[in-house]
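Working notes, beginning with the structure itself.
We call the chains A, B, C and D, going by the order they appear; numbering starts again at 1 in every chain.
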Amino acid sequence: MKSKGFMRIFVIAIALFFLTAAPLAAKDKIVIGQAISLSGPQAAGVDISGGKIYELWVHEVNKEGGIFVKEYGKKLPVELKRYDDKTDIGTMTNLLERLILEDKVDFVFPPWGTAFLFAAAPIANKYGYILIGGPGGALKLKELNVPYFFQVLNFSETQGPTLAEIFKEVGVKSVAVAYRGDLHGIEYGSAMVPDFKKRGIEVKLNKSYPPDIKDLSPILKEAQSLGVDAFAAACYPPGGFLFTGQSIELGINFKAFFLTVLPFSPNAYRDNLGVNVVEGVMGGGAWNAKSSPGAKDLVDKFVALFKVEPDYWGGLFYWSSLQHFRKAIEKAGSLDQKKIRDIMANEKFETALGPFWYDKDRYFVNHPGEIGQWQKGVFEVIDPGAKRTAPPLYPKPAWPKKK
Amino acid sequence: MPILEGMRVTKHFGGLAAVSNVDFHVEQGEVFGLIGPNGAGKTTLFNLISAVLSPKSGTIKFKGVDITGFKPYKICRMGVARTFQTVKVFPNMPVFQNVILGSYFGTLPRMSSRDASEKALEILEFVGLSRVKDTPAGDLTLANQKRLEVARAMATHPDLLLLDEIMAGLNPTEVAEAMEMVIRIHNRGITLIMIEHVMKAVMRLCDRIMVLHHGQKIAEGTPREIADSEKVIKVYLGEKSRA
Amino acid sequence: MIVTVLDILIAGLLMGGIYALIAVGLSLQYGVARVLNIAHGEFIMLGAFITWSLYTAFGIVPLVSLAISSPLVFTIGFILYKTLFTRLRISSPSVAMFEGKSMLACFGLLFMIQNIAILSWGAEIKGYSYLAFPVNILGAKFAANRLITLGFAVVFGSAFYLFLSRTRIGKAIRAAAQDAVAAGLMGINISWVLALCFGLGALMAGIGGTLISMSYQIQPTMGLEYTMIALIVLVVGGLGSIPGSFVGGFLLGLVGSIVTYVQPGLALVAYYVIFMLLLLAKPTGILGR
Amino acid sequence: MHIPTSNYKKRVALGVLFILLIVMVTSPLYAPRYTVILLTSIFMFIVLTVSWTVFSGPTGYVSLAPAAFFGVGVYASALLGFVFPLPVVILLGGISSSCLAVIVGALTLRLRGIYFVMFTFGLVELLLHFILWWEVNITGTTGRVVPTVGNTTVYYLMLGVLVIVILTAYLLNRSRYGLALQSIGECEEAAAHTGVHVTAMKISTFALSAFFMGAAGAIMATRWTYIDPRIAFNPVLSFLPVLMAIFGGTGQLYGPVIGAALFTYLEEFLITRFPYYYMLIFGFIMVFAILYLPEGLVGMIQKLWKRIGGAKHADS
């Protein structure tokens, strides 16, 4: 091992030589790099959840002239430098390191999706770059204790019990669970089932399906024949559309209909299928314009720039995490990642969703909501307790007959 | 003990009996002719010997060993080499490499590449292809490609060489050269079985001849006996007897 | 019990209809024009997106919009063959060489078409609901739009088969399929016929895309899955045999439906197991030559 | 290959190769750190392309199986990574890929042409979906965490595999086995009758090429921390080596090397300059290359070389 140690010192010596030799370039802007899926299967997911929030934040920050950094005594505008990782994890890891090492960006934004977050977290951490998690997340991420990684989005750990609680409250007696054959599906599937059982709700069906299957009617028909009150599926958009579309086509109605990833998207789900069609559908989330004044402000800004409403699951989470991140930079007064990281890990700041802080595992916990339900075109938060913006609608109205 | 023996060799393609119950034997050092009209089963018999096809019934013995069912490469390594009716060379490989392949994988145990290339050059000299040794085999004339096939077969250092119509499609001078080469091969002590339609060559070169017709052996004997045999003439020339 | 059997049977046929249609298209492109079109799925995607635009922007009902989308996709296929593949065909010494090269060229096309689709329609998932109501058949319920899809797949499939076996152009195409060179000698303008076949193959893909867009959501990356299924059906039915692809499509649909009922996880595994067993046992497929 | 090139040409080639090797071995010491990562990717694709050409070049069997063998290597890393030291894992990854290749080879190598191509591509999809089903329903997970290693270690491991695969390809090409492989490609029946054990030769070479693909997979997995069947068995990895080999030209050994290196760099160059148009440009270049570079880059270079060199270089 000694020779490797020597080589590393030798390399740092060389690097320092080059760094000090070059005059400290006058800093005129903050460059944030992001390797994200602009093509390939995940591109649709990027578009539905989270992708635009980063663009909006940069747009709004630059409207105010940039972020004030005491070290440079002025506001620095922000530039977002994006690369397409083609939904390929190998390309993503290369491009992320290229942004850090070659393009020498100041900060990095996260790639899309759980598996990609898994790969990106240790790499960013290795180079001492803060990585605020975007869409995606799983219990397994906790096993990687990487100090520079902050998990923002909520997932099965908190949404499972809340959904079970809602089902118990409205009197659901039996449920059918279907889950996609991947990490997301398994974690949600295995989280929801024990939560239902703890509350005396009978799980009559618990089946996995392959991610790119073309026909899910067998599962729906089996659930219908079992006469369950509720149907809960841990799915991604393709599976979500199939479950919804096929239950409409087959006239299969459950008293409660829950999909993890899809209902939260106003343009992909509500606008594609129609407000009265999605009435009563529950989904992972959740927030809406009523959650807080800051939330309303986010919706208005988002609609102004993109002419569509933001995603009502992670939108407010990521937006607030970036506000928190900005306040940490302003407090640190410099672009030094170590200093900013320490502030982020320990400080609480006022953000769009209200007070925002990370727990000791650097997990964001003050979620604006866990489960949402479409009621008259609004994605109401129906969690029991203070966060609720409207009582759960149960039983769900039948799918409207539409010629 | 004959170098090659066939007992009741039979092969059917669908209903047609391509080769049925043929017994034959070839002595060491002999030039054995195999003649008969088209479709008589000559090439099928060759394919049975070299294991391109496996016989329906009957056995084939080489040097007393029953080789029915062996894989072609194994039979080659035991000392049986052949050429093909439709010539099969390695077109994009230079002539030299076509031949050296034989010496690498033939009967002789592990040959060093130096010995192998020496042997290949010697054989190329023997068949008269030395000056085109670097030309891709595909660019050769038909006659030269047939010689190349013989050279490749010789390079495997065989004891028995099956020649399948090496004179077909050649002009008179090329036929003469081919006959002269066969004699020189024979003088090296290699047993030969020749399928040939060029009667002049068969009559002059062969020690014994077997005649096949509709898959059956109808005659066997010295060239003189075969030339005079009523049955053979009838098969070849129909009713009218040859002058 | 009967209902479940009926369920599986009809669900299988519904899927099979789409599979048959896209497989017939590919079988035409490969069987006749000797182009193993890896970008076949991209033509399906084009058909789907054109139908989506016509329906959401101008309210033209999918089956009517076929009259616009099909000729469009056909022309793209025809021109592509005339320019790119004809040149490739001329410059390749052997058919095997041409098959290899055209397959790789199709891979390039796949990238290009997908990128153009993302640029013009964006990457997000799109969809529309049309005839999305249940129809009751002997006690089992099925979606109307899927039944229409099956109906259209059968109509187009058989109409196309009649076209091939009855009309003069159809005979010319089949002759070209047997032996392009010989057909050429018989006075058939080969490069025109082959381009026609490639265009017709693309047309079938476009129709397949329209029918798929009626029951599923669409996105620019949807193509490759359907190309894989078409390839499987091609082998199951027998390479280059149009009726083979038609039968193979329904067969695969049925198998998929049965396996999905028993163990949904294994549906796609089953496809590939059949595909590979058939390749080993009978490469020429059920009705292959 | 057997025609003794003039000694002068050989010495120059060896010299250049040696210098190149020295540069590669020392580059992590001075080159910018991202270049080391980019070189690792380039090395990976060279390993995949050269090992693909070792089998498919001479025999003419177009195999779309690289993604399957690569994926087996990735899973070897994921399953054994915490149990054995990395070099052992890489060896085991290679060996398990070779075993798969022997089974697949024995089953399919009598298939020819398009059927073999389809079978090998079907193999990738079958493994992907089967392992997905197995992980979800039997082991209850789909993703697996892989022990990560420093970039420099990954670089040197991949460089090691690269040197070995090029050496193997070079020696095989010059050996009697290389000649036998080419003869199988030219006319299998004639080769069999010249004493070449055709089946054994095909299967063993197919297994040899699979070994390096498995090894490459085991190494690259350590860069990704987390893998699942869809990441491990990426069908694109089956197409790229074929494209790179054709792009470079399968005639000479350095054809696939140049093809893979240029192709990877081109993709990197395009993807960072045109995030939204890269696929369009990339696809166009591919189609252009197939149309106008029939023998690939190397073929073109040789033609140019002959034209520049004039009569001097043309064979007598």
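To be clear about the criterion, a contact is a pair of C-beta atoms (placed from the backbone, for glycine too) under 8 Å apart; a residue touches a chain by one contact, two chains touch by 3 or more.
This is a predicted model, so every value here is computed, not measured.
> Under the document's definition of touching, what chains do chain A and chain B have as common neighbours?
D
> Would you mind telling me which chain pair, A-D or B-D, is linked by more contacting C-beta pairs?
Pair with the higher count of C-beta contacts: A-D.
> Taking all protein C-alpha atoms shown, work out their mean, then name the chain whose own C-alpha mean is nearest to it.
Looking at where each chain's C-alpha mean falls, the closest to the middle is D.
> List the centre-to-centre spacing of chain A and chain C in whole Å, with centres computed as mean CA coordinates.
37
> Need the CA-centroid distance for the pair chain B / chain D, whole Å please.
Between these chains, centre-to-centre, one finds 42 Å.
> Using mean C-alpha positions as chain centres, tell me how far chain C is from chain D in Å, no decimals.
Chain C and chain D have C-alpha centres separated by 32 Å.
> In chain D, what residues contact two or more other chains?
129, 132-133, 136-137, 276, 278-279 - these are the residues of chain D that touch more than one other chain.
> Among the residues of chain A, which are close enough to touch at least two other chains?
In chain A, 38-39, 181, 208, 210 touch at least two other chains.
> By the touch rule stated above, which residues of chain B touch at least two different other chains?
none
> What are all the chain pairs that meet the touch criterion?
A-C, A-D, B-D, C-D
> What does chain C use to touch chain A in their complex?
Its residues touching chain A are 7-8, 11, 15, 114-115, 118, 122-129, 131-134, 141-146, 215-217, 219-221, 225, 256-257, 260-261, 264-265, 267-268.
> Taking the complex as given, what residues does chain A use to touch chain C?
These residues of chain A touch chain C: 38-41, 43-44, 46-48, 181, 207-210, 212-219, 221, 237-238, 241-242, 245-246, 248-251, 267-268, 272-274, 277, 401-403.
> State the interface residues of chain B toward chain D in the complex, per the touch definition above.
Touch residues, chain B against chain D: 50, 52, 71-73, 76-77, 81-82, 84, 88-94, 96-97, 100-102, 104-107, 113, 116-117, 134, 152-153, 155-156.
> Please name which positions on chain A make contact with chain D in the complex.
Against chain D, chain A makes touches at 4, 7, 10-11, 14, 38-39, 82-84, 86, 88-91, 93-95, 97-98, 100-102, 114-115, 118-119, 121-123, 140, 143-144, 181-183, 185-186, 190, 208, 210-211.
> State the interface residues of chain D toward chain A in the complex, per the touch definition above.
Listed in rising order, the residues are 28-30, 32-34, 37-38, 41, 129, 132-133, 136-137, 140-143, 145, 148, 151-152, 220, 223-228, 230-231, 234, 236, 268, 271-272, 275-276, 278-279.
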